[in-house]
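I'd like to ask some things about the structure below.
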Amino acid sequence: MNLELVLILVVLTNLKLLGSSRLGSSIRTVGVQGLLLGLLPLVAGHDLTARVWLLAAGGAVIKGVMFPWMLMRALRDAEVRREVEPFVGMLTSILIGIVALGASFWLGHRLPLPRPAGSLLLVPVALSAILMGLFLIVSRRKAVSQVLGFLVMENGIYVFGVGVVQETSLLVELGVLLDVFVAVFVMGIIIFHISREFDHIDTDRLSMLRDWKP
Amino acid sequence: MMAFVHILFALVLAPLLLGVINRTKALFAGRNGQPLLQLYYDLAKLLRKGAVYSRTTSWVFRAGPIAGLAAVVAALAIVPFAGTGAPVSFAGDLVLFAYLFGLMRFFTVIAALDTGSSFEGMGASREVQFAALAEPVLFLALAALARRTGSLSLSGILGAVTPSEPVWALVAVALLVVLLAENARIPVDDPNTHLELTMIHEVMVLDHGGPDFAFILYGAALKLWVLGALLVGVVLPGENILLSLVAMLALAVVVGVIESTMARLRLLRVPQLLVGAGALAALALILVMR
Amino acid sequence: MMIFALVLVPALAGVAAVVLRHDRARRALLVLTALAHAGLTGAVWVVLPGPIFGGWLALDAPARLFLSVTSVLFLAAAVYAVGYLAREPHGAEKDFEDGSLFTNAPEAVFTACLLWFLAAMTLVTASQHFGLLWVAIEATTLASAPLIYFHRHHRSLEATWKYLLICSVGIALALLGNFFLVVAASTPEAAPVPMVLGELTARARQLHGPWLKAAFVFLLVGYGTKMGLAPLHTWLPDAHSESPSVISALLSGALLNCAFLGILRAHQVCAAAGQAVFGQGLLVGFGLISMAVAAVFILGQADYKRLLAYSSVEHMGILALGIGLGGAATFGAMLHAVNHSLTKAALFLVAGNILAAYRTKSTADVRGVARLLPVSGVLWVAGFFAITGSPPFGPFLSEFTILKAALDQGRGAVAVAYLALLALVFIGMATVVLRMAQGESGRATQREPWLAVFPPAALAATVLVLGVYVPPALGRALQEAAQAVGGF
Amino acid sequence: MNLLLAAVAILVAGGVVALWRDRGGPVAAVAGCVVGLVGAGRVLWTGATVSLRLPWNVPFGSFYVEADALSAFFLLPIFGLSALAAIYGGEYLAPWRGKKSLGAAWFFFNLLVASMAMVVLARNGVLFLVAWEVMALASFFLVTFEDERDDVRAAGWTYLVATHLGTAFLLAMFILLGRENGSLDFNRFTAGKAGLVFVLALIGFGTKAGFWPLHVWLPEAHPAAPSHVSALMSGVMIKTGIYGLLRVLTLLGPPPAWWGWTLIGVGLVSALVGIVFALAQRDLKRLLAYSSVENIGIITLGIGIGLLGMSTGLPVLAALGFAGALLHVVNHALFKGLLFLGAGAVLHATGTRDIEHLGGLLKKMPATAVTFLVGAIAISGLPPLNGFISEFLIYLGAFKGGVSASAAIAVPLLAVITGLALIGGLAAACFAKAFGVVFLGEPRSDHAAHAHEAGPAMRGPMLLLASGCAAIGLLSPLTLGVLTPVVSVLTPADVLWEAARPLTIISGAGIGVLVLIGVVALVRRRLLAGRSVGETVTWDCGYAAPTARMQYTGSSFAQPLTELFRPLLGTRKKFTPLAGYFPAPTTLTTDTPDVSRERVYRPVFGLVEAGLSRLRWLQHGNVQLYVLYIALTLLVLLVWKLS
């Protein structure tokens, strides 16, 4: 199992996310992606210290297990199944995803790493994940899928962090993980409240607060 | 010395001018007309009368004629006559000269408003309108003369007149219009109309009687004399007193002729007349700038 | 040690607030913690504690400044909160806008989050390590989200959701920015530079240019989202208008400053690396855009809490502009940060009183505040004049300083835009605020609770004093802070 | 200096005290003003410039105050009129006692006086701006004293916005002045970019002074304020704008000619527009406000002539222009203060400012009427009162220039003279209307019919001001002694004595006129002694039952002139013409809103607001959209900065 492969799998999972309308499967996909990221520290060419193992384990558990579980619960409370009419159709989404991929390769080309990392794919993949995550947030209606988008973005950053950055201290990385965990946790709570308050979780209808009176 | 003589002349002869004007008009109308000294008789009679006041009026009404007369007498002290300087003369006295008439007018107007009569209000309103337009003309004319002669006092200006130039003619015409307007003569106002609606000056003094009215008539006569003296000084400089006096009478005749040959302008046209006079004065000003 | 205490005291107090049973005890705890924190902060001014954790935590000049502002505001807010919580009903209450029933979050949660919020903000000010700074800022988001959702009705829910999502996205970008910074710091020729501010600025010359620029862009956008720079400000009016006024006061007065501090740190590194111009150009741009956007929404604003929120956007713009202009403007920006925090907090607290008395946030339905609530009315008008930069209040001096810097540098266009936008905002606010304050209220004058008027009054008084006299100690602190971020 | 600062301190302290004991307000105000008058008088008497400079702990600030002749000269009307206004206000505000907090009113009153004094004394940019803005705020709160009325609130808003925008220009101006030396102390200022600074000063100070077209706030705010405040604002506060302009001119060095021409133009237009609009008003205080625009115009005209004299090397022109302007500042403070106090007395007695509802008040309130008449004559610039003196100096300056200077300068100057003459005529008409319609004839309404004379505390100040008008008019040569050192701050003034010698004769003539009046009056009395003096109704063409409604109204009195200036006024008429042989009763209503307000400011504000509200869709409410903003911003920055 080598780095390149993991990265490519990450990209594929992202594309699948863009293409799928079933929330359940999307969550599972994100879970898979999480597990892949768990592998990342081990294959990124660091020397395998306890720190790296810990990082891998933490990543895998939180990103691969906790998040999907929490989101699944939120989904159950909200009893919704699929992303109905998103702002951007599935096919277009995939196309845009590919465009984003291209863009991130361009960006990666513009930003050569001062010190070569494990793979040339690292930076573009990370950036593409971030862009696709943003795109998911912008283009989807359901709160859950926006959280998914946020996670994809987060994962992209994680890829970059783990793959490129060696020197960050464990404390910071665990802090980051913890923060993200709490963030998703709170989001889960809010989603639960939303579903109770509005008996739907379409965030585009969460737009009472505005200064534009059409 | 001479200066005070002139004041004496003015005080004595001013009413005569109106007599002359009326005789001239009578002549044109083929009437005998009233005697030359009619105004003297009127004054004498009025001064001997009592007075009747409207209950509406207050002390302002009584003060009007007094202040008016005082102001015009003061103005009289500023105009030179027959080339000799006036008793009071200083740089910029022409401003004081003009503003004394303003003071006179102000009191006449508020005295008129004091009666609460709509007719007198109407007259007052017209008076201030025409005066507001006549004053700039007067100033333009005087400015032209001041520029030409390099002096800022009436005495200085009239002392240095060289009437051979066209400028003086223009100024003279402008001053004549001002004189007619200020003294409520045709073509601006008809002194002996009998319809209040058409009067300006007359209607303002409808309610005055007795000594007050005498003051008003006398003040009006003096005003005519003062402006006349200015005009005569412009067209006919020279030391010769007799000549100047004759010129004054001639001016009265001219006014009479104008009154007999012209009709009173419609009130809406009067501003145009004054603006026209202003144009002449302005032209004079441009000419003296060379 | 002292820094440690500053962070730990509120954190532990927060835990205690969860376990405590009685409301009174909890409120006492809140005020006591605030006092303790303020006391410690005061002590910091006397004896400056040295850095700990190998320089990860330290109180340099900017940190001291922002820490003090935060602490003062929190004290005022805590006192106000006691009265506020006492006023708030416990059972279900009727929403005054659409009449739906809703309940408040349990007071324990509220107080606890409030205290953790303070802890997080303290950590932000104290942390010199970029990673730690990021963690702390994200923590402020998480701690404050439940506070915004104190009134559990759908509007505050919506506001919280937007706040959480938008800020998380922004913060995530900031995280990437941090990683970029690490990359920029690890060049092959030299040993990698640790992420501690001191080290970075000291060895800034060997940072990798393009990556540093990219890092700055990401940090600016990320923390800028949190700071409320337009067009990233979108969460701000919603959160401020829907959260309890005491929270709005803290968000506007303290939290935005913390995000601003994050940007300042990044700017410090840029400046040290000789990339100052690059960053300053961006800051000037963001500053003017923010002021313009704020002006757009302040003109004819129908909700007075949103009005104050947009005014915060405007003033964040002014801060960015000040740093962007650099030089003397940096001092102005620092001074303005202090002035704005105090004034805006006072205004939000007063807005809370008005809201309590009129039960509406719509400016159209509020009349005669000066008659109904004499003290709040006076504070409302005074605060308006202060926030719009009229003498003799503090903000005038800082805004004037920034203007002077702009003109002295010959940036006429910037100065003109700055003045024009300030004037626009003034007109907009004057229209709303005066309409509210003046006229007949149609009701009998109310006696205002001491706890509700004293905190804003104290803050307003401070602003007035700062307008006519800048204490030398503060002046020095501002000077040092300005020098620390590359100005003077 | 100490006396002046003490005066300011007394005023501020008294203001604070007034918050608790409002009766302390006027007392402290009078006390402070008296002390201040003594201080200012000392400066003018000794002719020594006193100054004080203390460090002040704000950015670029220093507590640097100085009283030279110019400052002291402006302090005289400030303190003098304020003291009288305070006495007057004590009685004027009495009806509100208990209904409103008079304490606040007096707090702001004293603050206003103190800040005006500080504006004149300040020699540091920050200090000046603080005083300037405190002055604006204090007066704003005084204007909105009756804030339960919509028109008052609207007026307050207009005033606040106008003054704030004006201040913005001053900020820039001071910074530019202090740019080279990095200090905002006046003595460190340098005249770089003088032209720009002049323009900024013209706009910034012109807004406060009320130059056309920056005057829009003036006719709104002055009527709205309580009358003693209107008197103060119109009498002295707007003069601080003139002071500022003069002070800046002293810092800018030798002026180019175009500054002079600009001021002359601005002054002429302001004066003409001001008086024409004043003629068209039927609200007494609004009329007075517009006439303030006119007088400010005359003052500006004088300053312009002064600058022209400096730039063209005609010292006489310069000295006369400045002297006239400065003297008119004091004169206007006297008679405009007097007139506003009179208007206040009328309002106080009748409850209306609409002159069409007044009339016949002379019999009800004789003292007010007499003083108002004095003010009216004086403001019309008629001899023998003070208005004529200052206008005469300006006339004389213009004439001297027009007579001696080259044509390029002379022609415009003589045109200016014509303009002044027209303005004078219109002013006389305007105030004949104001006095005549309000005080003469029969009462036009019950309000007027049941009026009562004002109390002693209100009459006293009016009498004092009236006698002030007479004194300056009849003793004008003495003013030169005060004016010369003040003028010499701006330009060499030694020529002034020579040039202004006519004042002696003028005052003589004035006294002469008064004597003549006395003589004629005596004659009249002798004549009427023992003769029948009857009473009857006014002659109305034999219609013997005149009613008050048959009187000429103010509007109809002014109609011929307003008709003449219709294109300028844009008066709106609503009239349904009579029809048929037996026409139904019909009405004619006219109103004259401010043209620049209606045709310029309102549309512009409307456009800006409409344009900006289009951008509101930015805050659309969709969180997706908001995240999109973030993404786009990021992409734009990356693409822009990294490629």
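Chains: A, B, C and D, in written order; residue numbering restarts at 1 for each.
Heads up, the rule we're going with is that a contact is a pair of C-beta atoms (placed from the backbone, for glycine too) under 8 Å apart; a residue touches a chain by one contact, two chains touch by 3 or more.
This one's a predicted model, so the numbers in the text were calculated from it and none came from an experiment.
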item: Third chains touching both chain B and chain A; value: D
item: Central chain of the complex, centres being mean CA coordinates; value: D
item: Label of the chain whose CA centroid is most distant from the centroid of chain C; value: B
item: Selected pair, greater C-beta contact count between C-D and A-D; value: C-D
item: Centroid spacing, where centroids are CA-atom means, of chain A and chain D in whole angstrom; value: 69
item: Centre distance in Å when chain C and chain D are each reduced to the mean of their C-alpha atoms; value: 44
item: Separation of chain A from chain C, taking each centre as the mean of its C-alpha atoms, in whole Å; value: 30
item: Chain centre separation (chain B, chain C; CA means) in Å; value: 79
item: Of all residues in chain A, the ones touching two or more other chains; value: 110-111, 134, 137, 146, 203, 206-209, 211
item: Where chain B touches two or more other chains, by residue; value: none
item: For chain C, residues contacting two or more additional chains; value: 161-162, 165, 169, 173, 210, 214, 237, 297
item: Pairwise touch network: line, ring, star, complete, or other; value: other
item: All touching chain pairs, where touch follows the definition stated at the start; value: A-C, A-D, B-D, C-D
item: List of chain A residues in touch with chain C within their complex; value: 110-111, 113-115, 130, 134, 137, 143, 146, 150, 153-154, 157, 160-161, 164-169, 171-172, 175-176, 178-179, 182-183, 186-187, 190, 193-194, 197-198, 203, 206-209, 211
item: Chain C residues within the chain D interface of the complex; value: 161-162, 165-166, 169-170, 173, 210, 213-214, 217-218, 220-221, 225, 231-232, 234-235, 237, 278, 282, 293, 295-297, 299-300, 331-332, 335, 370, 385, 388, 390-392, 396-397, 400-401, 403-404, 407-408, 415, 419, 422-424, 426-427, 430-431, 434-435, 438-440, 467-472, 475
item: Chain B contact footprint on chain D (complex, rising order); value: 359-360, 362-363, 373, 377, 380-383, 388, 392, 395-396, 399-400, 402-404, 407, 410-411, 414, 417-422, 424-426, 428-429, 432, 435-437, 440-442, 501-502, 505-506, 509, 512-513, 516-517, 519-521, 523-524, 527-528, 531-541, 546, 548, 550-552, 556-561, 564
item: Residues of chain D defined as touching chain C within the complex; value: 56-61, 126, 129-130, 132-134, 137, 144, 147-148, 153, 156-157, 160-161, 164-165, 168, 171-172, 175-176, 178-179, 182, 608-609, 612-613, 615-616, 618-619, 623, 625-627, 629-630, 633-634, 637-638, 641-642
item: Contact footprint of chain A on chain D as seen in their complex; value: 616-625, 627-628, 630-631, 638, 642-643
